[in-house]
Amino acid sequence: MSTPYTRLDKNNAAVLLVDHQAGLLSLVRDFDPDRFKNNVLALADLAKYFNLPTILTTSFEDGPNGPLVPELKQMFPDAPFIPRPGQINAWDNEDFVKAVKATGKKQLLIAGVVTEVCVAFPALSALEEGYQVFVVTDASGTFNEVTRDAAWSRMAAAGAQLMSWFGVACELHRDWRNDVEGLGTLFSNHIPDYRNLITSYTTLKARK
Amino acid sequence: MSTPYTRLDKNNAAVLLVDHQAGLLSLVRDFDPDRFKNNVLALADLAKYFNLPTILTTSFEDGPNGPLVPELKQMFPDAPFIPRPGQINAWDNEDFVKAVKATGKKQLLIAGVVTEVCVAFPALSALEEGYQVFVVTDASGTFNEVTRDAAWSRMAAAGAQLMSWFGVACELHRDWRNDVEGLGTLFSNHIPDYRNLITSYTTLKARK
Amino acid sequence: MSTPYTRLDKNNAAVLLVDHQAGLLSLVRDFDPDRFKNNVLALADLAKYFNLPTILTTSFEDGPNGPLVPELKQMFPDAPFIPRPGQINAWDNEDFVKAVKATGKKQLLIAGVVTEVCVAFPALSALEEGYQVFVVTDASGTFNEVTRDAAWSRMAAAGAQLMSWFGVACELHRDWRNDVEGLGTLFSNHIPDYRNLITSYTTLKARK
Amino acid sequence: MSTPYTRLDKNNAAVLLVDHQAGLLSLVRDFDPDRFKNNVLALADLAKYFNLPTILTTSFEDGPNGPLVPELKQMFPDAPFIPRPGQINAWDNEDFVKAVKATGKKQLLIAGVVTEVCVAFPALSALEEGYQVFVVTDASGTFNEVTRDAAWSRMAAAGAQLMSWFGVACELHRDWRNDVEGLGTLFSNHIPDYRNLITSYTTLKARK
Amino acid sequence: MSTPYTRLDKNNAAVLLVDHQAGLLSLVRDFDPDRFKNNVLALADLAKYFNLPTILTTSFEDGPNGPLVPELKQMFPDAPFIPRPGQINAWDNEDFVKAVKATGKKQLLIAGVVTEVCVAFPALSALEEGYQVFVVTDASGTFNEVTRDAAWSRMAAAGAQLMSWFGVACELHRDWRNDVEGLGTLFSNHIPDYRNLITSYTTLKARK
Amino acid sequence: MSTPYTRLDKNNAAVLLVDHQAGLLSLVRDFDPDRFKNNVLALADLAKYFNLPTILTTSFEDGPNGPLVPELKQMFPDAPFIPRPGQINAWDNEDFVKAVKATGKKQLLIAGVVTEVCVAFPALSALEEGYQVFVVTDASGTFNEVTRDAAWSRMAAAGAQLMSWFGVACELHRDWRNDVEGLGTLFSNHIPDYRNLITSYTTLKARK
Amino acid sequence: MSTPYTRLDKNNAAVLLVDHQAGLLSLVRDFDPDRFKNNVLALADLAKYFNLPTILTTSFEDGPNGPLVPELKQMFPDAPFIPRPGQINAWDNEDFVKAVKATGKKQLLIAGVVTEVCVAFPALSALEEGYQVFVVTDASGTFNEVTRDAAWSRMAAAGAQLMSWFGVACELHRDWRNDVEGLGTLFSNHIPDYRNLITSYTTLKARK
Amino acid sequence: MSTPYTRLDKNNAAVLLVDHQAGLLSLVRDFDPDRFKNNVLALADLAKYFNLPTILTTSFEDGPNGPLVPELKQMFPDAPFIPRPGQINAWDNEDFVKAVKATGKKQLLIAGVVTEVCVAFPALSALEEGYQVFVVTDASGTFNEVTRDAAWSRMAAAGAQLMSWFGVACELHRDWRNDVEGLGTLFSNHIPDYRNLITSYTTLKARK
C-alpha cells in the first residue's frame, strides 16, 4: 500500500488557494471555463461552510498574471493573503509557510493554477515536511491533459491524495445529520443535476 | 445558396423556451451540466436585456418531467406560460401559437430540451408557416451528440439557422455603442474568460 | 430550403429493418454495443406500439453474416421477412419492394447495418421513387464515425430526413393524451434516465 | 510490488452495493446510461449467480436522492438493506459494518454512486481494517472522468484492486466446466457482442 | 433535394488515385496510419477486382513529397501514370484529363492526399465539367479533422457524393451472386472483423 | 448543387483579418493555442506571399478585447487598418466596406475571432452583396466545437465556401513551377511535418 | 521505486499468446480493428524474429469463442498449443505452466484477449511465482478503455511492466548492428510511417 | 510514498535530447505537430537559458531516421553530439554515458522520440545507476496515447518523475526576481496565451 488512507478531519484541515488570478486563468485548458469557475467557487464555498482556515496567495499580481479573481477576495476578506514578490513555489515564501503553520492544521487542501507548478510545488514541499496533502484536482487547472496527468503522477508518487471538491465536502461533513440544509445548499449551488433533483422533490412535496 | 442570410432584428424577434424542466434536464448529455445551465441562463438574460417577448412552455410538469426550472419562472413572471396538457410539439398547442402570433414578431429564437423533439418540432412547424427560425443550439440539449447532429441536419435542411446565444446577442446588439456596459455585463456574467479580461483590464486601469 | 418539413404520420408510416444480423453486428463500432442494442430494440418496440407495418430483411443469413437477431424475429413473427438471396441493396429485391408497396404507406422509417450500404442504398432508391424517407440514425450502425458521417451527408443531400428513435416515437405519438402509460412504458424501458425520473416520482407520490 | 495479487475466491467474497438510487444516478456522467445500467445489473446478476452475500445500502432515500433502483430491491429481497440515516461513508454506520462482518468474508467487492464518495470512503475504511478490497469500477459512476481518475488513484494507492464486473465473474468462476451454461447465460444477457457469437454459433450448429 | 441519387455502375466508373506518395503520407493525421494504409489498399484492390480503369498521378515525386507508394505502382503496372510537373490540381494537367476522358467513363471515384487539395480540386473541376463525382473519403487523408470537415462541406455543396471504400464496393457489386468468393475475399483481406466471421463460420462448417 | 465551385484567383482575392486581438484570443478554445497561432500567421504569410490586398480591423481595442496581435501589425504596416468604434459586424462599418471595395476584388478570404460573430457576420453580409466568400476555417476560432459547427452550418447554407489556409495557398498558387522555393518556404515555416520532409530530402541530397 | 527496471533479454524471454480467437476478437473495442490486427501480428513476427519460445493457448475453441486466428497457427506450427478445456486463467492449466517452465525462461511477454482476464490472470499468477512479467499492452484488447485502465492498474501494482510491441522489439534487439535489415523489415511491415521513411530514403538513394 | 520529492536544481541538472530526428518525428502522433515542435524548442530554449549542460544524440542518422532537426543543431553547436552507430538505448553507448558523467550533474532531464524506447531506455538505465531522472513528457513523443501511457507507467514505477517543460523551467528558476525578463521572454515565445497576456498588459501600461 503506497499511500495509506488518512481521512480528512474538519478540525485539522486548512485550504490553500494558489494563484487563481484573472490572467493566469486564461492558461487553463484542461477544463471547460464554466466548469472550472464553478469548481473553484465550490471549493471556496465549502471552505467557508466548514470554517476551514484559508490562505490566499498570488504571484506577481501587478503584472500580466493579473489580480486574484474578485470573488475569492470578497469571500475571504480576513484570510491571510500573501502576494508573493517572486517565489514560484509558495512554500519558498516565509510568510506563506508561517501562515500555514499558524493554522495549526496538519491536513492541507491545495488547489491552484497551474497544476504542475503552483499546486505541485507547494504540495511536494508540504509532504516533505510531514503534512498530509490533499490535492483538489478539479479546482486546479493547467495547459492540457498531458501536463495534468504528469503532474498528478508526480504528486501521487510522493504521497499526495487526489480528490475532488465534492469528495472533500463529503469527507469533511461525514454525516448529513450534522446539517442537512447547509450541505444541501452547497451542492444545490454548484451541481446543476443535484439542484434539479431538489427542485423536483420539493415541488412534488409541496403539491401534496 | 440553400438558406440565404436573414439578420436578427431586436424589434422583430421573440424567444421560445421549450421544456427546460427539472426532470427533463437529467436527460441532457451533449453538454456538461455546468455549461448547459450557464447557456440557458445566458439566453434568458439576453431575452430580458433586449426586451424580447418571451414565451415559456412545459410538457406535463406535474409528472416525472418536473417543473420548469425556477430561475426561468422568476425571470419571466409576466411572460405567457403555457403548460401543455399533452401536445409534444408545442406548435400543436393553440395557446402557444396564439401567444407567438400575439408577439407580432417574425423571427423566432427557439431553445429547449430535448433538441430533436421540443426544439425541432416547433422549429419545423414555424418554418412551414413562414417564420424565420433561429435555433439557439447551445441552450438546447439532448441525449448525445449523434442525436443532436441528426436533429441539426433536419432543421438546417428545412431552412433553420443554427446559432449560439453569444451570436444571437451580438447580432441583436449590432453596435457596442448602443450600450457598452449592458452588453459587457451580460458577457461578464456568462463567459468566465471574458470576465477575466475585464477584471485584468479594470484593475490595471484603476491602478494608474 | 433543401428538404422541407414532412411530418411523420402513424397512419402513413412503415418500418424497414435491414440486416440486423448476429454476425454483421460485430462490424458496428460507431456505437457502444449496449447503447446500440437498446436503440434497435427501442425502434422495434415503437414499431409494435404504433402498429406500424414492419418489414424484415437479411442478407445471406446462412453464411458468416449470421441470422437475424432472435429478438427481432420473436417480436415480428408475422411480418414479411425477406432473406435476400444476394441483392445488397434491399430495394433491388422484388419481394422486398412488393412488401413495401403492399403496406400502402408513403413514409419509410429505415434502420440497418451497415449504415452506408444496408440503410443508404434502399433509402436512396426509395427517395428516387418518391417515398418520404426517415433514417433512424441511432438504430443504424457502421464501422466508424467517418464512414457514418459520409453516409449521412449522402442521404441528407438526396432528401432523407435524419432522426433518432426517440424523435420518431414523439413525432408519431403527437399528444401524450393519446396514451400516457403506453408511451411512458416505452421510454421507461429504453431510457434509463427517464425510468429513474418515473421511479422517483411514483415512489414519492405513493408515499403521500 | 505495491499491491501483490490476491485472488478472488467465491467462498470468501461479499458484494456491497452502495447508493444506486434513482435520483443519484442522474449525477453519473462518466458512463453512457445504457452501459451503466447494464453494468450494475450484470454485477447484481453475478452476485446472485455465485451466491455471494450481498449488502444494499442507501443514503437518505426519502429525500431527493430517491429510492434504490427497483431492480436491485427485487433481486435481493432477503439481503441486508441498510438505509443510512445520515452517514455518508457507509462504514460509519454500525449496522452496515455489522452486516459486513456477519458475512464472515474477507474479500469485499464494492460498487456504488458516486465513485469518489460512496465507493471510495467504505473502500478505504475496509482496507484500513484489513479487508481485501476489489472496486468494481464499471458498476461505479460519478460526475466525470477527471473525478473518477482521482478517485481511482486514491483507492489504488491505498491497496484496492481495480476490476470490472466481467473480470470479477471470471476470477470467481475459475473454470468453465464448473457450469458452462450458467456463466454463458450471464455473459449473453449482459454482453451483446457475446450474445451474437452464441446466436451465430448455435444457429449454425442447429442447422447441421 | 440538393444532390439526387446517382448510382455507381461498374461499367461507367473510373478510379483516380491522387498523390498517395511516401512523403506526403506523413502529413495525414485524420486517420490512424494502420487504418489509412488498409483503406487505400482496399480501394486499390476493389479497382482491380471490378476492372475499373485506374489513373495514378503524383506531384513532384523527385522532391520531398517522395515517390508513389510502391504497392500502388505494383498493382497497376499498366495504368496511366501521370507524374505532374507542377500542377497542384491534377485537372490542370492536360495528360491527366486526357487519360480520364480516354476511359470513356462518367463516374469518377477520387481519393488522395491531402483531401482539401489533391482530392477536392480535381473533384470540383470534374463536377464543373459534368462528371458524377464520388469521393472515397476513407482513402483520402489530411492534416486533421477540422480541415477534413471543411473540405467535405465544400465538395458536398458542389454536388460530390461522399462514400467509403466499402460502400463503393457494395454499390458496384450489387448482388453477391455475381461472385461470392471474390467479394468475400476482398472484405476478408481488408476488414479484420469480417475475416473473423468467416474464420469462425468456415471452421465450424468444416467440423461437421 | 447548392454551392457550385468558384475557384480562387490570386488576381481577384482579398484577405480580411477580423479581430485577432490579444484579449479575444483567450476566448478561442476550439483550437490548441500553438496550432491556432500558427494557422493565423500562416494565413498572414500567404497573404503577403501572394500580394493579396489585406484589411485589418479590430473591435474596441482600447478595452478588454486588447490590441491587435503585434505580429499582424508588423506584417501589414501599410494595410488599411480599421479600429471599429462599436460595430460588431465589420460590414456595418463604412470605412471597412469602402476598404474592401477599394481592393476591386470579388473574392474575399475571411478569418477572425470569434467565428460565429466576427467571421460569420461580415461573411454573410458580403455574400448578400454578391461577393464570393471563402472562410479560412482554421485561422478562425471560437469558444468550442459546438459553436463552431453551428456557425459553419449557417455560413455554408448561405453559400460560403469553407477552406483551410493550406487549401487557400494551393488554390491560389495553382502550379509549383510558378515558384517552387517560395511556396516551399511558406509550407516549411508552418507545417512541421513538411519541414521534416524537406530536411531529410535536402540532407540526403547534399550528402551525395 | 515500486518496480525497478528489469531489462528484457532475448536469451531469457518467452512469449505467451492467450486466446486470440476469431470470436473473442469481436469483443475488442479499445483498439481499432486494423491497428489491433497489426499489433498482434507484429508481436508474432518479433517472436519469430528473435526465436523466442512461444506458447499458444485458447479457451473453448469449439464453442462460440471460435478458433485461434489462422495466421497465428500458421506462424507457429511447432509451438506448444494448449486448448484449455475450461480453465479461465491459463496458469490454472498444468500443461500450460509446464510448457512455460519447459522454456527455461524467466521473462514472460504476455498478450491476449481480453486484457483484464486472459492477460491479467496469468500475468498475476506468474508474478506470484517469481517470473518477470512484461505485458504487451497493444497486442492485448478488451471491451473499452475503462476496463483496460483498471486492468493495467491492477497488473502494474503487482509488479508487471507495461510495454508495447515496438518497445519489446527494441529492448530485445539492443543494437541495430546485430541485424539492420531484419529489424528494419519487421518495422517496415508493421509501421506504415516507418515504411514510408524507408521508401523515400531508398528511392532517393537509388536515384543518385 | 513510492517516489519522494527531489527538487530540480539548476546547478545539478543536465539535459539529454535523444533522437529528435527529421524522419523519426513523422512517427509522433500523440501530439499535434505544431504543439510538439513548440515543446521541443521550448525545452531547448530553457536549457540554453539556464545554461544546463546539454547532450545530443541520434540513432542512425544517415539512414531513414533522418538527421537531427536543424534547429537543435544550431542552438547547441558546442554540445556533445553523439551519433550512435547502432545502440538503441543511448545508455549502451559509452561515449554518451561518458558525456553524461562529464557534466558532473546528478539530475537528468530526458526527452526524445519515441517515448517508450529512446526516452524510457536511458531513463531506466540512469535510474539504475542512481541518477535522479526527470522525464520531460511533452517534449517526448510516440505513436499514440496507449503506447505513451504504458511507457509512463513503466518509468514512474521505476522512480522517474514526470514533468512538463514549463514545470521544469519553473522549478529551476525558483524565483522570478532572479530574472523577470528572461523567464518572461521564454514563456512569451512558447506560450501564445501568455504572450497575449503580456501584449495586453504592456499595451495598456504604455497607454497611460
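Order as written gives the chain letters A, B, C, D, E, F, G and H; numbering starts at 1 within each chain.
Criterion: contacts are C-beta pairs under 8 Å (C-beta built on N, C-alpha and C of every residue); 3 or more make two chains touch, one makes a residue touch a chain.
The structure presented is a predicted model; accordingly, all values stated were derived computationally and were not measured.
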**Request:** For E-F, find its twin among B-H, G-H or E-G: the pair where over half of the contact pairs carry the same residue numbers.
**Result:** G-H
**Request:** With over half of the numbers shared counting as same, classify the subunit G/subunit H interface as same or different.
**Result:** different
**Message:** Roughly how far is subunit A from subunit E, centre to centre by C-alpha average, rounded to an integer in Å?
**Reply:** 54
**Complete:** Distance between the CA centroids of subunit B and subunit C (whole Å) is 31
**Averaged-CA centre spacing for the pair subunit E and subunit D, given as whole angstrom** = 48
**Fill in**
Per the C-alpha centroid definition, the whole-Å distance linking subunit D and subunit H comes out as 43
**Message:** Residues touching two or more other chains, restricted to subunit D: which are they?
**Reply:** 2-3, 23, 26, 32-33, 66, 191, 193, 196-197, 200-201
**Prompt:** Contact residues on subunit F for subunit H in the complex?
**Reply:** 22-23, 25-26, 32-38, 62, 66-67, 69-70, 191-193, 196-197, 199-200, 203, 207
**Request:** Show which residues of subunit H lie in contact with subunit B when the two form their complex.
**Result:** 197, 200-201, 204-205, 208
**Fill in**
As the complex stands, subunit F meets subunit E at residues 1-5, 7, 31, 135, 137-138, 152, 156, 161-164, 166-167, 170-171, 173-178, 180, 191, 193-194, 196-198, 200-202
**Request:** Would you tell me which residues of subunit B are touching subunit C in their complex?
**Result:** 2-3, 23, 26-27, 59-60, 63-66, 85-89, 92, 114, 116-117, 120-121, 124-125, 127-128, 143, 146-147, 149-151, 153-154, 157-159
